[in-house]
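You will see subunit A twice below: alongside subunit B first, and alongside subunit C after that.
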Partner chain A sequence: MIPAVPHLVAGLDFPPIGELLNWKNIGPGGFNKTALIDVLAVALTLGLFFHAARRKAMVPRGTQNIAESLIEFVNGQIIMETMGADGLGYLPFILAIFCFVFLCNIFEIIPIFQFPADARMANPLVLALIVWGVYNYAGIKRQGFRAYVRNSTIPPGVPGFLVPLVAVIEGAQRFLLNPLTLAIRLFANMLAGHLLLVTFALMADALFFHNTVTATIPIGVLPVLMEIVIIIFEVLIAVLQAFIFAILTGVYLGPSLHPEH
Partner chain B sequence: MLFAAGLVAATQKVDCSAAGISCQNAQSKNPILPTVPEIVWGTLAFVVLFVVLWKLALPPLVKLMRDRTERIANDLSSAEQARVEAQQTLEDYKRELAEARSEASHILDEARQAAEQVRQDLMARAEAEAAELRARNDSALQAAQERVLGELEGQVREVALDLAEKVVGANLDRDTNLALIDRFIDELNAGPTSDAGAALQ
Partner chain C sequence: MIDALQAASNVNIGTKEVQKAGQSIGAGIAYGAAAIGPGVGIGIVVGNAITAMARQPESAGVARTTMFLGIAFTEALALIGFVVAILVLFVG
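Now for the complex of A and B:
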């Protein structure tokens, strides 16, 4: 516990990081803010697509336009770019990943919530493990177990004496590091963004409301401005991380569907 | 400011006792590691989202988009076909128009040539008829003139002889007289303005 000291002398009275991430339960079964954001992300996504599917207009508008744009975006910019036409069957999976990650991220800047569910390791880890399971299952189903392992660990054209080394590196990357980096990248980005927002919010709070040196109170405007900039930046990060997670899912699925590449 | 205030409130007012853990325990938890309930809720949420999206929400929307794509493709195909047909029709029309123009021009030329031929024929025939008529008139006129002149000569000779006989009171030698008269008439014919001609008229 950091002892309370006067502001502007010992720096910011930053709360223990556990207070920023460990939320109290608000329902049974350990249902906390993170779980609530998960459920809201699911509800919003399904609400959007069900509402869009009900309209069935030939010229899309409103939610139908948003939903169709998302489908076309995932099909065109993610699946076709990483897996080709063979991967179009994975549209529901990758679309679900993109929407879920984006909505869990964007709650970072929604008042009252102000927390990205992906700043907890649970969501990124769960998603990464599911992606790991799916791309390994797809590879084994498409190529057979032996061929899949061989194709995943020994790239074509590797000299014989390098095969053991390359096989270890490629195998570790394919079966261990890929899901790990996938999870950590998302988690670390969202946690860092959340900590940045908290830092500048606390700085503004300290300068405006807990400042013992009256002359320095106007300086509080600076962290407020910085907070606004970071909020805008976090919107970009929320979209970007969702896109990166989804496109990496496609990238990992690609070799499972097309071992020749 | 409201956002910052909310964030500060949300981060600083954790009620540890309500969460069923002590604040000391909450703070000592590793903030990196996920909790089991979060993993369960996260897994449930994503699986539900994926399955419902896959089985219920997406199919009608994807079908709608596919139908629209097919319809647009068909419309484009029909439009292309119509365009080709229109182009073909336009080319046919232009070709027929050119042929019609050519034919009309040809017909006009032929008509012009026929008219020219008819004109020339008519002109030639008219000229021939006119020439014939003129020749006929000339010959008739010549004959009439000769006939009149012959008759006139006879009458003049008779009248002259009678007058001469009456003037001299004697019957002169007829042959001599006639010779004189003939000479006189010849003089008249030779010069109509001479005194003899004037006297005859």
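Now for the complex of A and C:
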């Protein structure tokens, strides 16, 4: 980090990146804004489903409606597409991951917070490690340790002399690269979105409030319009990334439940 | 070279400034180069998915899910490039 030199992005006095990502502690034990968003996301997920399950109406209304369409969406679009009827036992797990990731992301555009908790690597990394643990546990439980390792490193129909090479590549993919890319994808998407929003907000701020040439002040409207477009785009990204995280969990769980023969 | 720049711009150019300049150029190249392949790749993935959906509208749901998966895998490379650019620019 070089604090003396200002970071110039598009002619802007861009703050050092730590200022955009590191938040002051607001509670004991390093409890900061990221942790607060995590706690809120868990509380909102639990609150939604407990509130929805309080009265089971025949014709769903309100929160029950939201909860039922979420369950149907995860069931139809994620589990049946990737795992089949076998994977229905994983519905609560994948539903919880989908809701948690989506809520962590959507805090990016909620005033006061305006920070996606998934833009800190710790958050997606822990989620990816949980997914890693679950799909390996499921595979070992379903197939036995030796069979699971064999099935996930040696794909069927590989000629004998290629087996060592393919086994190394497939093993690294399954046990190392899959969880890593799962975490990096979510982290980098949310970080990029956050930086994009910050850039246009700073541009508007510079043109409106730190402008020495009065004639160019109205140009500040353009970054504000762009900011609105990007906010709408970020809502789409938040949903899409939650969906992709959940569906990739299903894709990685698939071979644990149904080995290819 | 640096002396001439210093004389022309009236700014004191030291090791830190040279490092900063190198970092900026490196970050730009890192992200720019990392975005080429995934840009082409996502175009191919989405284009073929649209072809599939237009030919068989009844299987559009499967095509859409697979398309998002393909985008996710392709996009990961560009995002790793983005992370590398951020690391080059702000760390070290």
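Basically, the second predicted complex is superposed on the first by the 250 of 261 C-alpha atoms of A that agree within 3 Å, B and C clash if a C-alpha of one lies under 4 Å from a C-alpha of the other, contacts with A are read in each partner's own complex, and residues count from 1 in each chain.
Throughout what follows, contacts are C-beta pairs under 8 Å (C-beta built on N, C-alpha and C of every residue); 3 or more make two chains touch, one makes a residue touch a chain.
If you're wondering where the values come from, they're calculated on a predicted model, not measured in any experiment.
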More subunit A residues in contact [subunit B versus subunit C]: B
Counting only touches as set out at the top, which of subunit B and subunit C does A:189 meet: first, second, both, neither? second
A:16 in the overlay: touching subunit B, subunit C, both, or neither? Say first, second, both or neither. both
After superposition on the shared chain, which partner residues are touched by A:77: those of subunit B (first), subunit C (second), both, or neither? second
Is A:68 in contact with subunit B, with subunit C, with both, or with neither (first, second, both, neither)? first
So in the superposed three-chain picture, is A:100 touching just subunit B, just subunit C, both, or none of them (first/second/both/neither)? first
Touched partner set for A:170, first subunit B, second subunit C, both or neither: neither
Looking at subunit A, which of its residues have contacts with both subunit B and subunit C? 1, 16-18
Okay, in this complex, where on subunit B does subunit A touch? 1-8, 10-12, 14-16, 18-20, 26-29, 31-46, 48-50, 52-54, 56-58, 60-62, 64-65, 68, 71
Subunit C - residues contacting subunit A, complex: 16-17, 19-20, 61-62, 65, 68-69, 72, 75-76, 79-80, 82-83, 86, 89-91
Give every residue of subunit A touching subunit C within the complex, in rising order. 1-2, 4-5, 7, 16-18, 77, 81, 181, 184-185, 187-189, 191-192, 240, 243-244, 247-248, 251
Given the complex, residues on subunit A that touch subunit B span 1, 15-25, 29-32, 34-35, 38-39, 41-42, 45-46, 49-50, 52-53, 56, 58, 64, 67-68, 71-72, 91-93, 95-97, 99-100, 109, 111-112, 114-115, 117, 120-123, 125-127, 130, 197-198, 200-202, 204-205, 224, 227, 231
